[in-house]
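Each in structure tokens, the structures are laid out below.
Shared chain: subunit A. Partners: subunit B in the first complex, subunit C in the second.
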Partner chain A sequence: MKFIASDRIDGLLERLGERGPVWAPREPEGAAGTVLFAPWRPGDAVELDRFTTLSAKKLVLPASEKLLSFSYSLTPEGEALDITGADQGRGDTVLFGARVCDARAFTVLDALLALPPGESYQDPGYRSRRRNLLVITLACTAGDAACFCSSWKEGTASTQGSDLMLYPAGEGYLARSVSPRGEELLALDIWEDSDLEPPELAVTDRVPFEALEAKLVGSLFSDLDFWRELTAKCVSCGYCTYTCPTCYCFDMYDEMSSSRDGERCRSWDACMFYLYTLETSGHNPRPTIAHRYRNRIGHKFSYYPANQGPVLCTGCGRCIRGCPVGLDIRDVLRAAGER
Partner chain B sequence: MNGIVDTIKNVLKETDLVLGWTTDPVTGVATPARFHDEKEAEQAVFDSTCAHNLAVHLPRLKDSRVGIVAKGCDARSVIELIIEHEVQREQLAVIGVGCGSLLDVKKIWRRYGYGVAIKDRDDSLLIGGEQVNRDEFIQRKCHGCLEADPDIYDVIAGEVTGEIPTDTVRPHPLHDMFVSLTPAERRSFWREQFSRCIRCYACREVCPMCFCRDVCIMQTQIPRWAGGAVDAKQSEMIQLIRVNHLAGRCTGCGECERACPVGIPLMLLLDEQNHAIEEMFAYGAGASLKARPPLLVFDVNKDIWGKG
Partner chain C sequence: MSTIPRQGKKALEPLRPEKATVVDVIRETHNIKSLRVVFDDEELMTSFTFQPGQVGQLGVMGAGESTFAIASPPSQREYIQFSVMKTGVVTTAIHELAVGDRVTVRAPMGNHFPVDRWQGKNVLVIGGGIGMAPLRSLFLHMMDHREEYGHLQLIYGARTPSDICYRDDCRDWKQCGDVDFITTIDTGNQDWEGRVGLVPAVLEEEEPSPENNIAVTCGPPVMIKFVLESLGKMGFRDEQIYTTLERRMKCGIGLCGRCNVGPRYVCTDGPVFSLKELGELPDEM
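== the complex of A and B ==
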């Protein structure tokens, strides 16, 4: 297998930088120990041992983006509305040091946002960013107490969504391509040949959720007491949805620069917010935290798999690690299974 | 003097529920819990990982008789909520607990991994079996602790410490660095910090005094006060609005900073403001049930700022 020594990672990142911006896990200064995927520049330290607080989804779904700009004019000759779409053309972006759960999340999102034309609605922004994203994934030899990706069949061995896999071995990493673009990367003259064996991969917590798909639209849906009890400590912030690699909901709005000109934009939105389902009439079909959390779990483990195929979760554990009130989604899933 | 479990059991005789903590079996650290009966109360704990300010739940429990376990800092929030009529003194049974400074569990997890074994005993802190300097891993707010023991309580569980847990009352750890910056440097410091903000509003939702909640002006559509973009400029403005709305109301519990997923030092803004208000109006939010907030009683003809 191909191999790269740890002290040559910077060299690899520089070569990757020739293809486009490189994003890697880094600890920003003054961020209280938070590790985030951030643009990498030569000289920047990369943090490959610890997990990132935020997922890498903003590379395909930015936290906010302009979709189009519009301008209305009224002259003696008549009225006109000019609409200019946002520029979707872009080169490659390289994501380095994603984990298996991060990479697989892209394929989970693809099931809705990158279906072939004609089959569904199209999200050109997502499609173009996804197509141009190169994903270099670091396989996990150890998880932490929040990881539960082994709930899925392939667990830590999954290569879905990745172009190139890196496996910790010796004083560096073994590399294996899992896509044609990954093959291109292996052709770079930076790799050595190695006889090292790939490492034993981590086995994480397993949470059974198969039975939930039917239950969440059946007995559990009308069981509001169940949701009230489990979400009693929830404060309804957007932490879990915004750190989640597969939550994709957004809100569309116009930013007006005058009464006639403006931009149509979208930003992340979270189903845990009261305003998310507030209707113009003033009615809100999900008025309490229990209603909203029920939807969050229902969407992830029932409605999405029923409509799109995959479960809208990859077991990355981010919603667990930093929840301000220590709400563990696995407790909810297990309790739902037993109810 | 009863322990936390027995005290909660007693309080449950006169209340519908008690807000407290239990130990999360996965991580071994405390997590908020509600106790409704004696059996549930068996699970109650109080230790140095009970950082959450449970007073945040009170405005949502207006129709219940509520018991609440409160540290000194939490008690200040309870007092301020009573002053602002968000909760009635009569509906509450406050279980005071003495606090000897709290661990910053998130900081420990970020450094050593989620769920690492934490053993906190008197003067020694063991993380994953390794002895570490405890002072390095306590909550930032505990460095400037205002109230080790609660000022409002109906019953005390365990022992109160009777003293401020850290050696001296200190400002925010970043205070000295911040005041040494020029205005332009301060601006770029906050721009850099807020460039990480994802607008998850965890800061707002964990704040006991941010009880506008679902109708917060940062998200209302009509009128739209804040722009929708997720960028440093918007986040900075949103946070300045929040900080201003907490003028004379922030009790310094530090929950916003603890909850922030990206480590923005929000209490630096609030501490500076709290100190300014203390100087100008001799008022500290939540310090006393008898005090009246300056915004409520300030008389421009009598109390001219700076006059003395």
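== the complex of A and C ==
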């Protein structure tokens, strides 16, 4: 197998940088203790041992994005309106040091946002960013207490969504390409040959959820008390949705930059917010946290699998690590399974 | 289920609206205006087709866009009509529009009343308030194809005489003799010649037979609730009854996530549902 020593990772990143911007897990300045996917520049330290607090979803779904610009003008014939689409043309972006759950999240989102023309609506922004994203994934030899990716068949061995896999071995990483673009990367002259053995991969928590798809639209849906009890401590802050690599809901709004010009934008939204579904009449079909959490779990473990195929969760554990009141999605899934 | 094109330009850039111009503004009531708009792209205007019940996103760049039923019938090729009740930011901006102003439209979207399957049947249409918008499109469409349907009855309720929309249409429907048209208001005054009473009560007085009949109802949630009860009492089965659902919407194409009722998205699987289909959905109204 190909191999790269830890002290040559910077060199690899520099070579990757020739293809486009490189994003890697880093401890950004002023945010000591927090690891985030951030743009990497030569000289920046990369943090490959700890997990990132936020997911890499912003590389395909930016937190805010311009969809259109518009401008009004006065002509002899009256008022004119110009609308121009956002520029989708861009080169490659390299994501280095994603984890298996991060890479797999892209394929989960692809099932809705990047189907071939004719099968679904196109999300042009998502599609072009996704098509141009190179994903280099670091396999996990250890999870933490919040990880539960082993609930999925391939667990930590999954290569879905990745172009190149890195496996910790000796004083560096073994590399295996899992896509034609990964193959191109392996052709760089930066790799050594090695006869090191790939490591034993981590086994993380397992939460059974297969039976939930039917229950979540049936008996569990009508059992609002169940959701009330389980979400009693939730404060509806929306952190779990923003940090999640597979939550994709968005809001659309217009912003004026002058009295005549402006942009139509979209931003991440959160189904945990009261305003998300509030109707103009004042009626809200999901008025309480219990209703909204039920929808969050229902969407992830029933509606999305029924409509799109994959479960809308990869077991990355971010919502568990970061929830301010310690609400653990696994407790909810287990309780739901037993109900 | 959905009939929105998933091919071509619209499928590739589904969030990009078409430019259109307001050609007529009709004040219907103190808070409802009908706007007639025409696509700036003539070719698009000529090729534009839809089915009754489908909706569009009408927008004012700078304020945003919102979902409205297409209120004109498919046979109307001169313009597309929306009837808009003033409630918030976008609808207020729409109410400020005048003839010649520039708007945006994304249409048609969503599914439609299954009118092909209703051929040869009697159709009973029950509307209230702004819920008449999609029903106007439907009723005018059925009148355009009058020979394809049996008995056509329309019960239209409003709070007071001044809350009645589509006055010209109402006059036509009353006079044409070919359809059974009833208007009713909640509280009457001396000048009012129509019926007085809540829609469900008028419906029960009429007692239409469920035999070979389809019932379609749109309107305020309370009205729908009691109309459905009355229809049930009169023997209408769930698969004979159709209504439309409303949800807060943004994208209109099943991506932004907010309009679902359980696993179904009102924007792409709806807004038209039979009561039977609604019964199969989780109860999240």
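Structure notes:
Criterion: the second predicted complex is superposed on the first by the 331 of 339 C-alpha atoms of A that agree within 3 Å, B and C clash if a C-alpha of one lies under 4 Å from a C-alpha of the other, contacts with A are read in each partner's own complex, and residues count from 1 in each chain.
Everything that follows uses one rule, which is that a residue touches a chain if its C-beta (ideal position, glycine included) is under 8 Å from a C-beta of that chain, and two chains touch if they have at least 3 such contacts.
Just so it is clear, the model here is predicted, and its values are computed rather than measured.
If you put the two complexes together on subunit A, you find that subunit B and subunit C both fit without a clash. After overlaying the two complexes on the shared chain, residue contacts for A:317 are found with subunit B alone; subunit C is out of touch. By the touch criterion defined above, A:1 reaches neither subunit B nor subunit C. By the touch criterion defined above, A:72 lies against subunit C but remains apart from subunit B after alignment on the C-alpha atoms of chain A. Of the two partner chains placed by the overlay, only subunit B lies in contact with A:63; subunit C stays clear of it. By the touch criterion defined above, A:157 reaches neither subunit B nor subunit C.
Contacts of A:169 after superposition on the shared chain: neither subunit B nor subunit C is touched.
Of the two partner chains placed around the shared chain by superposition, subunit B is the only one that A:50 touches, whereas subunit C remains out of contact. Looking at the shared chain after the overlay, A:238 reaches subunit B, while subunit C stays out of its contact range. Judged by the touch definition given at the top, the superposed model places A:83 against subunit C, while subunit B stays out of reach.
The gap separating subunit B from subunit C at its narrowest, counted between C-alpha atoms of the superposed chains, is 6 angstrom. Touching of subunit A by both subunit B and subunit C, each in its own complex, is seen for residues 251, 253.
Looking at the complex, you find that subunit A touches subunit B at residues 28, 30-36, 50-51, 53-54, 62-64, 144-146, 232-233, 235-239, 241-243, 251, 253, 255, 265, 267-268, 270, 273-275, 317, 320-322, 324-326, 328. Every residue of subunit A that touches subunit C in the complex is listed here, in rising order: 67-68, 70, 72, 78-81, 83, 85, 112-113, 117-124, 217, 221-222, 248-254, 256, 262, 264, 266, 269, 271, 276-281, 283, 285-286, 291, 295, 298-299, 302-303, 306-307. Interface residues of subunit C facing subunit A in the complex, by the touch rule stated above, are 4, 6-7, 11-17, 19, 61-65, 87-88, 91, 100-102, 104, 221, 246-248, 250-251, 253-258, 260-263, 282-285.
Listing the residues of subunit B that touch subunit A in their complex gives 24, 26-27, 29-34, 52, 56-57, 106-107, 109-111, 113-115, 192-193, 196, 198-202, 204-206, 213-214, 219-221, 224, 227-231, 255, 258-259, 261-265.
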